[in-house]
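One structure is given below, encoded as structure tokens.
Going by the order they are written in, the chains are A, B, C and D; count residues from 1 in each one.
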Amino acid sequence: MSSSFGTLFRISTFGESHCAGVGVVVDGVPSRLKLEASDIQVQLDRRRPGQSQLATERNEADQVEILSGVENGLTLGSPIALLVRNKDQRPQDYGSMSQIPRPSHADLTYRQKYGIHASSGGGRSSARETIGRVAAGAIAEKFLALEYGIDIVAWVSSVGTVDAGAIDFSAVTRQQVDASEVRCPDQAAAALMSKQILEARQDKDSIGGVLTCVCRNLPAGLGEPAFDRLEARLAQAMLSIPATKGFEIGSGFVGATMRGSLHNDPYGFENGRLTTLTNHSGGVQGGISNGENVYFRIAFKPPATIGLAQQTVDYQGNKVTLEARGRHDPCVVPRAVPIVESMAALVIADLALIQKMRQPL
Amino acid sequence: MSSSFGTLFRISTFGESHCAGVGVVVDGVPSRLKLEASDIQVQLDRRRPGQSQLATERNEADQVEILSGVENGLTLGSPIALLVRNKDQRPQDYGSMSQIPRPSHADLTYRQKYGIHASSGGGRSSARETIGRVAAGAIAEKFLALEYGIDIVAWVSSVGTVDAGAIDFSAVTRQQVDASEVRCPDQAAAALMSKQILEARQDKDSIGGVLTCVCRNLPAGLGEPAFDRLEARLAQAMLSIPATKGFEIGSGFVGATMRGSLHNDPYGFENGRLTTLTNHSGGVQGGISNGENVYFRIAFKPPATIGLAQQTVDYQGNKVTLEARGRHDPCVVPRAVPIVESMAALVIADLALIQKMRQPL
Amino acid sequence: MSSSFGTLFRISTFGESHCAGVGVVVDGVPSRLKLEASDIQVQLDRRRPGQSQLATERNEADQVEILSGVENGLTLGSPIALLVRNKDQRPQDYGSMSQIPRPSHADLTYRQKYGIHASSGGGRSSARETIGRVAAGAIAEKFLALEYGIDIVAWVSSVGTVDAGAIDFSAVTRQQVDASEVRCPDQAAAALMSKQILEARQDKDSIGGVLTCVCRNLPAGLGEPAFDRLEARLAQAMLSIPATKGFEIGSGFVGATMRGSLHNDPYGFENGRLTTLTNHSGGVQGGISNGENVYFRIAFKPPATIGLAQQTVDYQGNKVTLEARGRHDPCVVPRAVPIVESMAALVIADLALIQKMRQPL
Amino acid sequence: MSSSFGTLFRISTFGESHCAGVGVVVDGVPSRLKLEASDIQVQLDRRRPGQSQLATERNEADQVEILSGVENGLTLGSPIALLVRNKDQRPQDYGSMSQIPRPSHADLTYRQKYGIHASSGGGRSSARETIGRVAAGAIAEKFLALEYGIDIVAWVSSVGTVDAGAIDFSAVTRQQVDASEVRCPDQAAAALMSKQILEARQDKDSIGGVLTCVCRNLPAGLGEPAFDRLEARLAQAMLSIPATKGFEIGSGFVGATMRGSLHNDPYGFENGRLTTLTNHSGGVQGGISNGENVYFRIAFKPPATIGLAQQTVDYQGNKVTLEARGRHDPCVVPRAVPIVESMAALVIADLALIQKMRQPL
């Protein structure tokens, strides 16, 4: 178990689906930052289940309590512990599955690794584990917004075979993203995406999708070569989210098909600073932010838990047919939006604090 | 600068293009491992420049010296320091470029971050930085091979728009990979890939490509949720390699278009253990290895240094035309093969040592 | 703020005197360990204020709640979060002190470091911060006892100028320690120590003391040279406890006056293994445990908060007379016993897990 | 093996007595720092063997080579690798001892831990391991001197039963320290100390001693509660040095005998800032520097290697008489002076860089 992330802005998450609660301890938050529970709740509300017909029916208010580190609305510089109690638990949904490892779920690997498995649901591999990340990420976002004017927006750029059209990375807002339940700012595509998700649900099946995220107004200089390059830390952060299978930054896999003369981002000069005229690099060169928009995409597989009958075997190797019960998302990408934003904020906040060591006291 | 990687099997790399040497300190190597310089040299030889017409003309023997940690051919359990002296340096190649940040190179961002820039070449963003990784990775590989029978094979799966055909992940060998200069085991594709690279070189241009890597015989149970999941650590490791733009494991971005009923890997029972009948997961579930083949792909952009004239600006913002001199690779993927293998080995060795804590003493 | 400690057995503590609660997240606890809240409560009860006339009058039940990581009385291998709510808060006690930094307290340095200071009491420098350590340490102790038969006993070996007589390191028990309120197993000395503490209290003053701790049945091989030697990690752990000023292991400062011929611990052979005939080393050689008793001493200064009038200055530099109010311990060493034991257990548990990497899987 | 130390200013040492060389990689050194090999050599010269009749006869020039990270006399911000070749090796001195674990040496524990032991000398437990620390510490010292005006001076304050008289912590210089071979600035005591050491040597015995170290001009605010308090990190650093048995800061163990009214350091106001009128705290309150002198003492045991006959047993448990050969120091404290200064500098440099995160960019 490695449930800590970050060097100076450092989180330690805890909790599984069916224990008393889930949460996080956030260490390294700068002192004197204005912070209230509502700053955190807004992102938890975007993440919580039961928001729409596209998501799981599990219904959790996911109210956050600040346990420490904040007094009179200001951070103290000490660790901030955040707790969300689990409420809507139905362990009985899982009893019948205790003898069958669900295909492409973590039941078997948790057993192989730990010799034990939470009796119900996905334990730490469940989506509830991400509550701590989102709560911590909201603090990181507030810090980045106030100190640098950084803002971070993620959205659904594809569901199944439906892709969104061109999105203006410099202008897209969370309001536009949240205008549709599926969280795609291209309304025409959003309608098709919702249709694909509802069809998958109707078929007791699930479906995958892709998120795109843009981080704006990063100062130049963030990222620590060789191993904590900005894109390396983002890649780790994103691939640590349940159900992710891929990450690409800037031109990504398409860039691998290109020639350098086309792919290179030549410099221009604007507003007193060097800018790039194109941005195939995705805002990062040599692992360090260059002041341009940082953007990247994350692939999410279809959720493993489906109601359709699956031919598989139980732990003893006997052939069985599994029809999973329990409440689950037919597609995770709409609810993954605040998770991706939060992980991006955590990476950037950490690298921003580290870069401060390069300034005179 | 964060030049350390790993928790228990931990490396610290050093060196840039034009200093006395490059190398690595490897801490946490199990004691009593048989180790000689030749075990390391073999992978350095696959990485070194000047191997073929597809690579840079810089010619370095890259002979490794073991400075510490090994006695009478056995590791002592103490840090193993490895040194490769720089030989073929031509700082004069870079003089004219000191006033112009090369597009899509790290010249500008290193200046922004550190307020100084190595006078010549890419400093730590240069490919020479990877020598320490490859040297350390060779030790990790030897440990994994001897203790678990793990083997790791990477190859070039695309260059530009040329893709290799189907490769048998369970059978492909390094010998097959090295049969062509471009390091693609599909000989027909290899010929086309070489042609694309030579054309790019002839045009004073460069070209991108994709590597695929498979890791076989991993025991189940490796990977530390939540943040050090196997795929998260692999993603960080791969995106920390210069020129990388994307990573995907198992079904990757294609998996995001699929439905769960098709994507799920049902279990079967074979040779006394549960296996998966398909492997869209890429050998990892819930961030933990399940005993199947772990495979992933990495996108490399075209090298930024090209001889073609580029319209850009100098550090003062004046418009200039840049025609880069210096020796450089028209395509990095053939030489990236041992780098990817090494980074994979370092991740797996570290997670394997960590997993040992879960056993009784 | 660095509120995390440990590499594989890793804790992250949180909370200050007057927030909602204090606690800890413990990551890396082996799975399938039998664990109930009562295992933890027993050490919290030994630490809690209000136990006797020798301690502060602040009265806190300090009931622990296990929030995560345990199911049906067994650990899951996932992070265990523990919470103790703050109850008996009297922020009004501190209002008058907000303009005066208490001498030898952390009021000024917290302001200098963070630019803000918890309005009341010592914030993170308060003894309440140690609750998380004790709770986590109780888990570490249970693991060490069950897996290795290790037991750890600390006691008060001096208060002011009163020293305990010789204690048998191989035999002393917690029951003997707890037989006196002052927690000194030498009953004659204990009476004199209590007298010194009560006199200090009567004088509105405070007094310092020394703890001794012995750790028995450690396997040989624990400790990671060069920087995580067993004694180095113990020293860090002990000096991280509030009010500590010194640490010595084995012969300690007395050993520095000796000659090698007297100080060396020659080997004998007993019960099939090499033992040392004396133990000036304190159970550690070259930073690694050798299987003998590990023992060490920790110096605690007199508590800084005293009722006696002190001539000092306020934050503006104006001369003032301070008579501190608030409830405080006249001597910390009796309540420090479980804190020292817990920190020792955390160090040893971490090093024990690390040493497992040196075994074949 | 944990041969890394520090978070942002981070070192990784390597090398043992009889391999090709010893050294260190220093990561996180601020860029644009003026640095030449001579800055490092001066402290290595103070540490090297063969300086005087008080030390071992092993004669090593210990010339340092800067392998990377520096160009044209300026640091690049990249890792700085430093190498010192081993020259004067006499493995034949150790052949006869391979069957007998030397009492109070690390021979046995290294075997127990690693299952193997460097054939000759102390391996990583040898004093040669400290070369990397001293080389890295010299860089840290230069950074601290240039950026903050910090200076660090250590000296021998006792040898055996001879104590130095009062030393003025605010004024003592390295020149005064180096005025005597034994490195005690009290010349009368120095003569007695030398006598004790020479007598021990004549008797084929060894003797212990104590170092005192003062760090001046630290800015207020350094130290990271709870676990990386300044004194906790210093304690770890000092107890990681071979042969150390104790550490105390400020009033130390004597402070434990005092009452608070005497021990507390009241505030005064001088030169526009709050100062303390006494300094029992040792310049640290709540784990954070307060701007006063930081001072501490370290106990060193007598070296374990002595020529006197010792009754002990071999690895098989047979009784033997051991008369150690090989060259060794009769007392380590004179040569330990630069080691202690270096470890102090490494701790402070790391905490200074971390504290920078609390400033606006």
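As a working rule, contacts are C-beta pairs under 8 Å (C-beta built on N, C-alpha and C of every residue); 3 or more make two chains touch, one makes a residue touch a chain.
Quick caveat: nothing in here was measured; it's all calculated off a predicted structure.
A.B. asks: Comparing the two chain pairs, does B-D have more C-beta contacts than B-C, or is it the other way round?
C.D. replies: Taking the two pairs in turn, the one with more contacts turns out to be B-D.
A.B. asks: Sort the other chains by how far their Cα centres are from that of chain B and give me the top one.
C.D. replies: C
A.B. asks: Could you please state the distance in Å, as a whole number, between where the Cα atoms of chain A are centred and where those of chain B are centred?
C.D. replies: 26
A.B. asks: Can you check how far apart chain B and chain C are, centre to centre, with Cα atoms defining each centre and the answer in Å?
C.D. replies: Spacing between the chain centres: roughly 46 Å.
A.B. asks: So what's the Cα centroid distance for chain B and chain D, whole Å?
C.D. replies: 39
A.B. asks: Touching at least two other chains at once: which residues of chain C meet that condition?
C.D. replies: Expected reply: 1-4, 7, 13, 28, 31, 77, 113-115, 124, 355, 358.
A.B. asks: Going by the contact rule at the top, pick out the chain A residues touching chain C in the complex.
C.D. replies: Result: residues 1-4, 10, 12-16, 18-23, 25, 27-28, 31-32, 65-72, 74, 76-81, 83, 113-119, 123-124 of chain A touch chain C.
A.B. asks: Chain A touches which residues of chain B in the complex?
C.D. replies: 1-5, 7, 13, 101, 103-106, 108-110, 112-115, 122, 124-125, 129, 158, 160-161, 200, 203, 205-210, 220-221, 223-229, 231-240, 242, 244-253, 255-261, 263-269, 274, 276, 280-282, 284-291, 297, 299-306, 308, 310-313, 315, 317, 354-355, 358
A.B. asks: In their shared complex, at which residues does chain A touch chain D?
C.D. replies: 7-8, 28, 30-31, 77, 147-148, 219, 352-361
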